[in-house]
Amino acid sequence: MSTNGALLQVRDLRKEFPVKSGFLVERVTHTVNAVDGISFDIAEGRTLGLVGESGSGKSTTGYCVLQLLKPTAGSIRFQGKELTKLGREEIRRMRREMQIVFQDPYSSLDPRMTVGDIVAEPLDVHGVGSRRTRRARVRELLDVVGFNPDYVNRYPHEFSGGQRQRVGVARALALNPSLIVCDEPVSALDVSIQAQILNLLKDLQRDFGLTYLFISHDLAVVRSMSDDIAVMKDGQIVETGPADDVYERPNHEYTRALLTAVPVPDPRRMRDRRAERRKLHHVIAET
Amino acid sequence: MTLPANPRDAVATGTAAPDVVAGAGAQAGAPIEQANLWRDAWRRYIQNRGAVVAGAIFVAFVAFCVIWPIITPYDIHNDPVNFSQAYEGPSLKHPLGTDKLGKDLLTKLALGGRISIAIGIGATLTILLIGVVYGSIAGFAGGRLDNIQMRLLDALYGLPYLPFAIIVLAIIGTNNLWTMVIALSIASWFTAARIVRGQIITLKENDYVRAAKAVGARWYRVLTRHLLPNTLGILIIAIFLELPGVILGEAFLSFIGLGISPPDASLGSMAQEGREVYRVHPNVIAIPSIAIAVLVLCANFIADGMRDALDPRTRETKEH
Amino acid sequence: MALLQVENLRTHFFTREGAVKAVDGVSFSVEAGKTLGIVGESGCGKSVTALSLMGLIPRPPARIVEGSVTFQGRDLTKLSEGDLEDIRGREMAMIFQDPMTSLNPTLRIRTQITEVLDRHFGYSKDDARKRAVELLEEVRIPRAAERLDDYPHRFSGGMRQRVMIAIAIACNPKLLIADEPTTALDVTVQAEILDLLDDLRRDHEMGMIIITHDMGVIAETADQVAVMYAGQIVEQAQTEELFDRPEHPYTEALLGALPQLEGENVRMGRLRSIPGRPPDLIAPPEGCRFAPRCPHANLSDGCAQRLPELRQIRTGHLVRSRHPASERQAVPV
């Protein structure tokens, strides 16, 4: 699946977290391999769905790609540049090209800043435009994400989860990035609002030619958003391929276990799915 | 409270597919009319009768200390000493009596109150400043620097408060308002630093901090624009929690003669003056002592009230 | 006679801003050995309904202002707190959403299980311990005897939920209420827990109420479904019937908003979303509560003026709407 023209190329990415313990002096006893050697590509304009359960390392992968966490090893090539070798100022400049939408609409917006300030911050940080052009751009961005621009001077706590997520998306778009990492962007929202935000993300991708790394534990959501899928378990990618292939003809046992575990809104299939799940019980050993 | 606008009145975006209910992608609804955070806190504060009364008394006393010396007919510093009027009891001319030099106690109380409150507030603000700087650096940096800073803090914690202040004063040499502020601050900024550090560490985990970093904000911007403004609530509470300790500290030091020296007088030094004659003329020592006690008590009540008003957790236990 | 019969339940929260009508006229019944699923989005009143059944609503500020909850012939709303305590855990049990906070972190698992046995049965120490091991085995916790003496933090989320279930079934209750039992769990663990609940229901012949926002969970576990919106039931039917022929516009919209796991062209399609937000429950609208968001709402039919009654549209299928799917003529413009 590797094309030289891919926007993002990740090779053998590793991220270890040291586990410290000790009485008076903390010593590193062992390390946890949150991400244990994964590789994938994302072509421009496409969406890679990164799916897995908690502890699979999917969010950590997203943060490493964005250099919010420093990878322990591996290579991340974005727009042809090797991110792990860039200096701090260069990374800062690259941040204009890659952004993130967070999961929790309640903690992802600074409660003491107005909506307008929140969306304007990226422009502020990079000194884009004058105060007047920034204000206009903020209104434009809010409009694009379906948030009434007249409310620029209100505070996040005055809005619902779905509206806050829209503000988060507007912030991510501010600098015209080419890659957006969506870290469980709809997991905290009700189903009907989820649909609104997912539709919005799809529209934005089409209108602005965005590339998405879409991280989620919800297989159905990932299916509706992704061109390609990578299934993660315990820090590794156990299966990868075009979405339809992975969902219709899964190879790995774990993928199959995941797919049969998802409750589908079809009562007639229940018995069959339960029987299939029993067969795959050994794959999901619980501690 | 208004209902959300009918979405079918909103203009549907041109990109809506036919199966999408009209207006889905268009302007999201109006904000929820929720009470402002501060207004909510104020309302909760007002429900606490003790805090409201304490607040009123505190404000009244401060107002008295500020205004009275301006309108009083007595000029404590320049009026001639009048031994014939010394140690008088309360009367119409001197509502609280006079001291050993015949000076009006009511006016002295106001002047002393000024100094005590000024030292109290000055020291509290200085404590907060030192605490914020130390605590935010430790909390924000984390890792080894945080460890070193905290070990140092642990060591300093062991030093007894007042003796430490006395030593600092001795080192500085003079005993005026400014040196008192410095000495008291240096001796008691540790708790504030801890509180700020704890708050910063908690706030650091919020996604909006990560968002700022993801956008490329430099560390000082994250600290000053995102972290510190969100510690405001805690800081206000900390102010009123430190105030009693500082006022008492100053009063004690002045009482034992190591604090404010003449011509300035604080409530503590006033009390010291009355120490020798308390059996015969109790009002000279009683009045400033009562004033100190009232100030400290009020500050404690206010701090309690503010903490209940601003801390969402104590609020939850009452509503659920 | 039904195991549980709820009639016109109304639970209001009395706040400074007014009375929040969280549950506003809810009626349903649960048979022994069957599962009722209550589904709805946040704020619809499903959790408050469950808490009202057990008498666990915070009293102030909430209160059951009207209605009856008849369990095994007795009206629970009329019982004293003491009588309710005798029923809770013994005849009627509940498990909650977050296994991380439902167990006391300072007590061993053994203590927490035997606590409930003690309260209702007064077992001896040895008997209680034996029964506790049996229960842990029944909820499929491996090496039950060893793990009995562990503290909660040594268990994973799914395991803790199993412990919760063990505590709930310890006294063989006739009715088990599960409030979002799997929402906080991974999807594979979720499936196991739901399968476990279903097996237990059959083995113990318990009636079960499952409260969830996930239509998939409903499809997999419920015999009967009640869809709640803004404090009221808007549709109620057998599960297969509801998914085959949904009547209420809200149910249709909810099903349409679900991203599909299977099927073709999923990537390219758009999800059907519902614009707007649920109404304010302090002053709910006079008419149909879904009307402001409903594509079929009609001024001339009085949708915004009068609240539609919950009526029977087919045997066993109730709907609260003036425009249920089977009565619509053409696709609206």
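By letter and in written order, the chains are A, B and C; residue numbering begins at 1 in each of them.
The rule we apply is simple: contacts are C-beta pairs under 8 Å (C-beta built on N, C-alpha and C of every residue); 3 or more make two chains touch, one makes a residue touch a chain.
Worth saying up front: this structure is predicted, and the values here are computed from it rather than measured.
A.B. asks: Between chain pairs A-C and A-B, which one is joined by a greater number of C-beta pairs in contact?
C.D. replies: By the number of C-beta pairs in contact, the winner is A-C.
A.B. asks: Starting from the Cα centroid of chain B, hunt down the chain whose centroid lies farthest away.
C.D. replies: C
A.B. asks: Centre to centre, by mean C-alpha position, how many angstrom separate chain B and chain C?
C.D. replies: Measuring from centre to centre gives 48 Å for this pair.
A.B. asks: Would you kindly tell me how far, in whole Å, the mean C-alpha position of chain C lies from that of chain A?
C.D. replies: 31
A.B. asks: How many angstrom between the C-alpha centroids of chain B and chain A?
C.D. replies: Chain A and chain B have C-alpha centres separated by 43 Å.
A.B. asks: So which bits of chain B are touching at least two other chains?
C.D. replies: 20, 24, 26, 29
A.B. asks: By the touch rule stated above, which residues of chain A touch at least two different other chains?
C.D. replies: Residues 160, 196, 199 of chain A touch two or more partner chains.
A.B. asks: When you check chain C against every other chain, which residues touch at least two of them?
C.D. replies: 253, 270, 272-275, 277 - these are the residues of chain C that touch more than one other chain.
A.B. asks: Spell out the residues on chain A that touch chain B in their complex, using ranges where they run on.
C.D. replies: 66, 68, 92-93, 95-96, 99-100, 102-104, 107-113, 118, 121-122, 125-126, 143, 146-148, 151, 154, 157-160, 162-163, 166, 168, 171, 175, 196, 199-200, 203, 207
A.B. asks: Touching chain A in the complex: which residues of chain C?
C.D. replies: Chain C reaches chain A through residues 41-42, 156, 158-159, 186-192, 194-195, 213-220, 239-240, 243, 253-255, 257-262, 264, 266-267, 269-275, 277.
A.B. asks: Along chain A, where are the residues that touch chain C in the complex?
C.D. replies: 53-54, 160, 190-196, 198-199, 202, 217-221, 223-227, 243-244, 247-248, 257-270, 273-274, 277-278, 281, 284, 286-287
A.B. asks: Would you tell me which residues of chain B are touching chain A in their complex?
C.D. replies: 13, 15, 20, 24-34, 37, 206-208, 210-218, 221, 225-226, 229-230, 232
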